[in-house]
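See below for the structure under consideration.
In this document, chain identifiers A, B, C, D, E, F, G and H correspond to the written order of the chains, with residue numbering beginning at 1 in each.
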Amino acid sequence: MTATLVGIVMGSDSDLAVMREASTVLDELGIGHELRIISTHRTPERARAYAVDAAARGLAVIIAGAGAAAHLAGFLAAYTPLPVIGVPIAAGALRGVDALLATVQMPPGVPVATVGINGAKNAGLLAAQIIATRDPEVRARLAAYRERMAASVEAKDRRLQEEDAAAFADRGGE
Amino acid sequence: MTATLVGIVMGSDSDLAVMREASTVLDELGIGHELRIISTHRTPERARAYAVDAAARGLAVIIAGAGAAAHLAGFLAAYTPLPVIGVPIAAGALRGVDALLATVQMPPGVPVATVGINGAKNAGLLAAQIIATRDPEVRARLAAYRERMAASVEAKDRRLQEEDAAAFADRGGE
Amino acid sequence: MTATLVGIVMGSDSDLAVMREASTVLDELGIGHELRIISTHRTPERARAYAVDAAARGLAVIIAGAGAAAHLAGFLAAYTPLPVIGVPIAAGALRGVDALLATVQMPPGVPVATVGINGAKNAGLLAAQIIATRDPEVRARLAAYRERMAASVEAKDRRLQEEDAAAFADRGGE
Amino acid sequence: MTATLVGIVMGSDSDLAVMREASTVLDELGIGHELRIISTHRTPERARAYAVDAAARGLAVIIAGAGAAAHLAGFLAAYTPLPVIGVPIAAGALRGVDALLATVQMPPGVPVATVGINGAKNAGLLAAQIIATRDPEVRARLAAYRERMAASVEAKDRRLQEEDAAAFADRGGE
Amino acid sequence: MTATLVGIVMGSDSDLAVMREASTVLDELGIGHELRIISTHRTPERARAYAVDAAARGLAVIIAGAGAAAHLAGFLAAYTPLPVIGVPIAAGALRGVDALLATVQMPPGVPVATVGINGAKNAGLLAAQIIATRDPEVRARLAAYRERMAASVEAKDRRLQEEDAAAFADRGGE
Amino acid sequence: MTATLVGIVMGSDSDLAVMREASTVLDELGIGHELRIISTHRTPERARAYAVDAAARGLAVIIAGAGAAAHLAGFLAAYTPLPVIGVPIAAGALRGVDALLATVQMPPGVPVATVGINGAKNAGLLAAQIIATRDPEVRARLAAYRERMAASVEAKDRRLQEEDAAAFADRGGE
Amino acid sequence: MTATLVGIVMGSDSDLAVMREASTVLDELGIGHELRIISTHRTPERARAYAVDAAARGLAVIIAGAGAAAHLAGFLAAYTPLPVIGVPIAAGALRGVDALLATVQMPPGVPVATVGINGAKNAGLLAAQIIATRDPEVRARLAAYRERMAASVEAKDRRLQEEDAAAFADRGGE
Amino acid sequence: MTATLVGIVMGSDSDLAVMREASTVLDELGIGHELRIISTHRTPERARAYAVDAAARGLAVIIAGAGAAAHLAGFLAAYTPLPVIGVPIAAGALRGVDALLATVQMPPGVPVATVGINGAKNAGLLAAQIIATRDPEVRARLAAYRERMAASVEAKDRRLQEEDAAAFADRGGE
């Protein structure tokens, strides 16, 4: 397990069900990380302090998940030189369209690397890819991860050939 | 003219063409105000300082206009107890839908009083209505403003009865 | 508790589940208010009378919640000089997109201070912020409210550090 | 020409360029009508009086065109028993999506017969169809109108067969 | 009860749950009508015959409800001179947005009087308003209907004043 | 049953519940086909090999179903000269709007024949129509299929005339 | 040049500027075709006759382009067993979103093979792919077409390497 | 200037006007890069080869820009372990909404770091931030870049205070 290289921040504890997937995949890839609940609008000073200190504390990447008018990723990006990955979370009536636009449509000068709605798993993988650009061991683990992923799809494809589609579907795929 | 009661803030000088309408209507109503260019993401510390100091400086309302992932109004609202009015600005490919959602869909606890896309004039009027709740003179000026507005619509209606619709339209209404 | 300063109006009794949140937060802040069911389209004369009389009855702010082609806030705003806060309610197939646009996109001259879809709690807080511009006691209560809100987020963040994310999530945050 | 049976109302003189098409087609069908500029939000009392008096003045149908948070058709429908046809007008950043939803999504009990965005011509034809349900002469004129319309499409189709598509397109169809 | 003046047509039996509301309100207003399942795409010849014969059979208005690429109302309107009311039905992934646009955005020359998504009740009322332009008895019944509707809203408003909002909401309004 | 003429490919086993409908209708029409799980992004080499070999293996049409950023149909179309039918699948927060646009908006030069969201049944029918352009027996089976479909709608229409709408609806149509 | 195998139909002569691209690419591939202007709503009997006769006249595929509530492709598909390719045309305020949904979201039983908005060129290519399933010469011409297309992209890529990006862009690519 | 660390790939030469901004900002930060035109659908083998070889050729990051059904970024991401940044380009009727969704909504397992519509400048900055995680010199240049950016906003703000808003706006800001 590496040192704590990734900060996973979310705006509300209700985002944890989604954001845990980033933590799970980073665990699987042996990348140290921390999970925090910090709100742009309810605890702005803590959000600012977190972003200002992140690089000095040794973090390499920040993952930020928020719903609705999701300002968290952009707020942190304004205060840190580190790459910030934004996870728009589907909450409320608009099912994440608001969060997607509020996260991805950043003004020129301050990017947020946005993944899909509720895409916390991909946020974890993207953080790992960024770390892998300097860490061959993480690169190797990512390669192995992809191979397992491909093997899993291939196994399902084989089983679908072997048994009836109806039976396969009834069993829920796997 | 009152003291400077309203701060009109925009994220970029390209927003000025829209945001000036707030200034114009506040001038017309005799309400003192200031115009500022402050970017959430490019000058976050200045944005923070502006919001933190606003109430002590005597402002009563802040109007904030921004486009795209429009975080400005929500950012200021996180740092000030004053009512913050958000103006989503139509900029870029999405024509303000992104700015509208990023401005209005604030999380519980920190409201932004959002007006329509490019609705800076209405933002100025709303600021005046808020000030009018404590200032009878502004209340009177607002009442007179509404009467002029109604009279203007009525005058157009009368002229449309008097002349041919084609001629009226060719002259561009007024 | 102040005098009745805020009128909370909704277009249908089915909106009460959402609109009660405005009432709850105003209770918490000690601001007197009333709850009314008045329909723009089914009881237009009552809606008109309510708006026409509101200022004379001592109201300072009106909160109006409606779904679908949500005309209520704009209708009241046409008849009263008071600031009107609009709450778009997610009802029916479009989940509040219709209500949001019908509430926020007001023509120049008659603003509605729009909050997020189903954002009745924020409507109550915005009404309190408006009242606080003239009432230091409400201002103090709002400041205390914000501190409690921040403390709650901070407490959740601390507990997430102390226990396993899985356990935390399983307990539903709090 | 019949008596004045159709009232064509618009919220702003900027809507006249679109709304004139309703007038033109009613002229062509010999149906008497009037054109009015009345704003829901800037002249609500006039809008109310217009709707309240419409039936007694002998109108059979009202056509109402408005843009943005287009409340006009619904407002009139709340005050008159006559059928009200709504024309959403494409104005501003959202190009009429806001006007369409604010016009068509009326609550149960008060319908608005909505036509397409900028569909003033169809609004005129729909008014004529409604009048034709009681007036055989209008019915006959509508039938002739449809025949001319079909003949025009057929003539274009024939000419496209006779000449080169490139030449046809360069001449702009007709 | 009048003769059969209104044809209520739907594209699929799955639309009946919505379209019955048109039938119910027409029953309540004493207007004779018929309910039919006719598909534009699966039974086009029957759809055509229905529209071609409708006026001669004595119908005054057709109401057509369909979901998805909802062509039914436009198809019937192409074949009949009668006013056609379209009801977009929320079915499938897009929840009626597709049906709304496919119903309302008719080309110049052939209007469809569109009501809101799933707005079958309003379609029935609109049909009644059209019939009322020639039938004073239906006009009187519509006026009484509106009075009952207003009285019902007013009764709910009164009860909300009399009892606690929480108790009111828990009882589900009524 | 014909030889295996249609390849039904899906990006994930979770798509099988939808994609089976293509298989069912092809069975009903006696057209040989195969079902495969192949992911553009997780098993790109297999996807490429499948498309490259498809024509030589005797396939006439490929049906590809995927959700979210649905690249599968376009990917296969880039590698095969065969017609590719795309089925956008409603998965995740955007309910298939993303899949629809990612499938249908192909650049000039490489078409995908797109059907509606979750429209796997129509994809099967479209594949059959393509095969029917060279196979009179399939043409005859398709004609019979359409007749059964029309007869089913007509039977429902008749039953609705014979019994009460309420009873009909309560029985769920059929 | 083959016999006339493809019918290209459009709802209005204003669609010709887009639909000609289908004709151009079919010319390039040596596939005989015809261009027709036929409106679903203004000339429904001609549309029906065209679809009913198409197969007997020897057509193999129909391409139908229309804007707004684009019913043309679905209408023709209801009356012909041939594969129908739909081209949604960007016309009016909604820029083709209405046409896309009205074309692609067909009900189960009657598919339309939809291409992208204004995608007439791809419609022509798709028609050619369908014909190529039975005609090896067309297959060969399509393969050559793809090779030219790839070569053109590769040539641009090479030139971009050879000269300055600024100069390349200023010359407009080619 | 570093070695060539960033590959900027676009699907068409028409994307160059947007994608050059990535090149410009990387030049400004002294990061070596290359510009390529490679189409997923028209030159899939070249796209595949580019992605497969990228890491071995020493690239650290790939930036991919495409419009419409923008598959390019996801396609490359499927074939390379490097972080891939996607730039949705506003082209055609949907103005980039299609490209945004087709780029960002990647399935679990293969992320694309998406920036805003036409956000090529931010893509360049994000690539630099990723490289800066391992290169202190780039880190320093990025810090200086941010300072210049802030200073530019501050200068505009000062000038707006010094001169009349009207004069400022007329001069176009700067």
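A few notes on this one:
The working rule: contacts are C-beta pairs under 8 Å (C-beta built on N, C-alpha and C of every residue); 3 or more make two chains touch, one makes a residue touch a chain.
No experiment lies behind these values; they were computed from the predicted model shown.
By number of C-beta pairs in contact, C-D leads over the other of A-F and C-D.
One inter-chain figure worth recording: subunit A and subunit E are separated by 47 Å, centre to centre, where each centre is the mean of the chain's CA atoms. Centroids of subunit D and subunit G (each the mean of its C-alpha atoms) stand 33 Å apart. Once the centre of each chain is set as its mean CA position, subunit B and subunit E turn out to be 41 Å apart.
Looking at subunit E, one finds that residues 12, 39, 42, 68-69, 92, 94-95, 97, 104-106, 109-110, 116-117, 146, 149 touch two or more other chains. Interface note: chains touch in the pairs A-B, A-C, A-F, A-H, B-C, B-D, B-H, C-D, C-E, D-E, D-G, E-F, E-G, F-G, F-H, G-H. The residues of subunit F lying in touch with subunit H in their complex are 11-12, 39-42, 44, 48, 67-69, 71, 74-75, 77-79, 92, 94, 97-98, 101-107, 109-110.
Partner subunit A is touched in their complex by these residues of subunit F: 12-14, 16-17, 20, 23, 34-39, 42-43, 46, 68-69, 92-95. Every residue of subunit F that touches subunit G in the complex is listed here, in rising order: 60-61, 81-83, 85, 100, 104-106, 108-117, 119, 121-123, 125-126, 129-134, 139, 142-143, 146, 149. Interface residues of subunit D, counted against subunit G in their complex, comprise 90, 95-97, 116-118, 146, 149-150, 153-154, 156-157, 160-161, 165-166, 168-169, 173-174.
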